[in-house]
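Presented below is the structure to which this report refers.
Labels run A, B, C, D, E, F, G, H, I and J following the written order; every chain starts at residue 1.
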């Protein structure tokens, strides 16, 4: 399998039925996110943390990994990447609530983290 | 002693009378939880943290250990394991409140934690 | 000096007048608590943390140390030890409020912490 | 390029349109801040942390770095540096809210941190 | 310069005008505090942390260091030292609010921290 | 797939041709080793570290993982497990040299590490 | 079981046949050693580390734990405890070589470690 | 700039004259290496450490970064990647001696490090 | 007890007979050393580590503590303090060998360690 | 005092007589070194560690600090800075032996350390 143009349109997320009705929280930590800087073209690296309270479905982990891997060849800013991942997941998962953190490696001596969460 | 079919129905939890009427909290940390992935069949590993305010009884630790060990040969997902342990204990212990965290080792570069707590 | 039967009735706590009227907090950390497991007879080890807002008196530290050392030959459970220390001190110190944490070393792969605090 | 008198008037901050309307937070960590002590003339070093919720614009990172680098030859106190950076950014960025922390290296065995945030 | 009797009456704190009207916080960490135990005469060691919101003045750091150094030959208990430093600074600085922590090194296997803060 | 009797005879290790003639070292760290205590029947857990200089072949990682997983239902002591893994790999890999460390989790308050290496 | 006079003569060490002829090393770490100070009568605490190359026998761990626990009521100095444990084990185990470290908790602000090893 | 086929032939390393005749060592740490697994096609991540004693030239850092970045789309094993980087640099740099470490992120619960150094 | 002029001539070290003839090592760590800077008069702080192989005697710890405490009012440089402590102890203890490390807290942003050991 | 052209010729190192004839080692750690990149003009930051065995003189610390501070406005590469500092000190100090390490902050995701030591 090779990362090509299709992934630039992003691998498809898959969802499973949530086996429980009660409130609980799933936290997913992915330390191997990489995309490309829209200005310099150089690789950027980040740890993505997603924490959500499932509603009717839960995220299937392998499809999430492929979805996150499909940013590997995208030219996208820190703020845009964090917000796009957040919006793509929320749109289909429809969780009770969700938070996302993207912690990017330092560039030019400056480290940037982006925090996105649901309006309450 | 060998882990076999009986344990798959789960070792029986035992309880002791709570010697105190006042509110206090017991936290139990078990870093040696292991079960089997329902898809790949491979072993999964987790640290289970349970924190509860005892009501009329407290959990007997050795029976808790045997109960948790009895997942060793079960094929069960991260979310299902965390919720089943939570529900099994709450059903018999009837604590004033209880929280459970299951922190699973990374698989495919993704680490998953599951948090369950009582509705207040 | 030898640890014998008298200490099993617990060394006597001593108190000093509180030199200040204003609210403040004293935290005491004792990482060298040891008692005996009531089932196996084996030694147990814990760190005891006590945090209180003094009222008319403060705990004299040497008497506190001797009091805690006098559990060395007692057969007592984790929950009972934490609650007895809490109750013994509160009864005589009468603090504005107090919290106690007993963090026991792991036994059989399970670590137990007990948290006791005043009803507010 | 050489750091000279112009920078003492501070490099110009640049801003980009905020691509998202929803609330989110950007945190920027710059561990390489240095200025000069107004009394001794010796170099001071600090880590600057800025956390803000963007309104209509976001800070362009390279201009922020050049702005922070332009304190290299300034004689300025810890409190004044933290407050000037805070005020300069808020004035042009007009964020929904913002916090700044300046953690200076110890001098004479004393470490100083300055925390500035918006009035709510 | 030698530490003698005058310092036992405590070096004089100095204050500077606060250059800003807005709310902000200054945190000062001094890991080299030492005094003498009133009972044993042996040296005690502590880290002093002071965090305050300046009103009309800020503490001048060198005078604060000399003030803290002047406890070097004083026989004073943990609780008294923390409260005296707090009161001496508050009396002249008149901050909007202030917190002080004194973390003493362990003696006889017991570590003591004292926390003092303003009544709100 | 289920762990059963066949694995107790140990999954088969596979080897690949070494692509290089020059000396170099491969270190493999497996923190998820588990077997059963021959006395108590309870699970034991260890981190296995293997470091070797390849000769004509290198170990194929997936077969190594399956081989190590096949101890999951074996009753075997710490010393025997470390030595058997060492001998099984050396016998077929025939490395220029090899070291193995097995770091077992504490039992009864005692932690055991076993170190095996080639005679030089 | 209660710790009494018999243990002061030290629980008996047991040994098992060494299943392997080749050189390897067993390291045992016991962080729960406690004895009594011969001068003050107060408890002392230490971590004992033993590392040896087995000859014809290996140490049985449970008997080692009981042996080490039997110092609980002994009045013995740091140097004497480390050397007695070393000599008692070497005398019966007759290892190819052995090292012992006893790392005692600080007393009076002074931490003491004792290192004993075989003459080569 | 986009990562494409040319980089798969590897960006060209550049070298500068060594300004010093005496022996010294340069260590370069690159925590952002990524390539593709030749079996699964999934991304692999590693930290590359290179330490060498310069002879007539030193490596120019920006060309080294572009060279290492050009593995981003290569399907290559852990052992082959480490050895190719080592050989490519040694061939042109001709250092007095050189060591390379490639520390790959865990896959399937197994972490692999590869160490390559010059024959002495 | 008060620290006065007598201590400036240094408290007397005491020694005990070494109960063992075989080679072993005693390491003593004292993190609470303080003296006065000969230039500024300000306090200096250091951790002193002493490691020695006893000959006919061992150092009595309480006298060592009083000896080290007696530098509290001495004006002495880092190098002189480390060498004087080393020489004072060696002269009377006559160990088979001895090493001393003095790790001073940073002054003016510079941290200094001094290492002294026996000529072999 | 302002950093200007004179410092670019480097502040003058000063030396004191070595009070001891015996071999010992002085280690100096300066985490606040900064200079300018000869290509980009941007600031570089490093920790400088110097370890030497004094001969007839020792380095005076304040002059060393001023000497190191005088690189603040120099455009100099990592390798050249480390070697110049080493050579400048050795030339005048003439130590029995000396090592220097310069650990630079990462640039472009690459961290560089330079190690210089005496030929033996």
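Going forward, a contact is a pair of C-beta atoms (placed from the backbone, for glycine too) under 8 Å apart; a residue touches a chain by one contact, two chains touch by 3 or more.
These numbers were taken from a predicted model, which means no experiment stands behind them.
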Item to check | Count of contact steps on the shortest path from chain D to chain I | outcome: 1
Checklist outcome for this item: When each step joins two chains that touch, the fewest steps from chain F to chain H total 1
Checklist entry - More C-beta pairs touching across which pair, C-E or E-I? => result C-E
Checklist entry - Taking all residue numbers at the chain I/chain J interface, are over half used by both copies (same) or under half (different)? => result different
Next on the checklist: Just the number, please: Cα centre separation of chain A and chain J in whole Å.
Outcome noted: 45
Item to check | Whole-Å gap separating chain A and chain E, where each centre is the average of the chain's CA atoms | outcome: 47
Checklist entry - From the C-alpha centre of chain B to that of chain I, how far is it in Å? => result 52
Item to check | Residue list for chain E, restricted to those that touch at least two other chains | outcome: 31-32, 42, 105-109
Checklist entry - Which of the chains are touching one another, listed as pairs? => result A-B, A-D, A-H, A-J, B-C, B-F, B-H, C-E, C-F, C-G, D-E, D-I, D-J, E-G, E-I, F-G, F-H, G-I, H-J, I-J
Checklist entry - Where on chain A does chain B make contact in their complex? => result 18-20, 22-32, 54, 58, 61-62, 64-65
Item to check | Parts of chain C lying in touch with chain G, wherever the complex brings them together | outcome: 1-3, 31-32, 34, 36, 40-43, 45, 69, 72-73, 105
Item to check | Complex contacts: residues of chain D adjacent to chain E | outcome: 78-80, 82-83, 106-117, 119
Next on the checklist: For the complex, give me every residue of chain H touching chain B.
Outcome noted: 42, 105-109
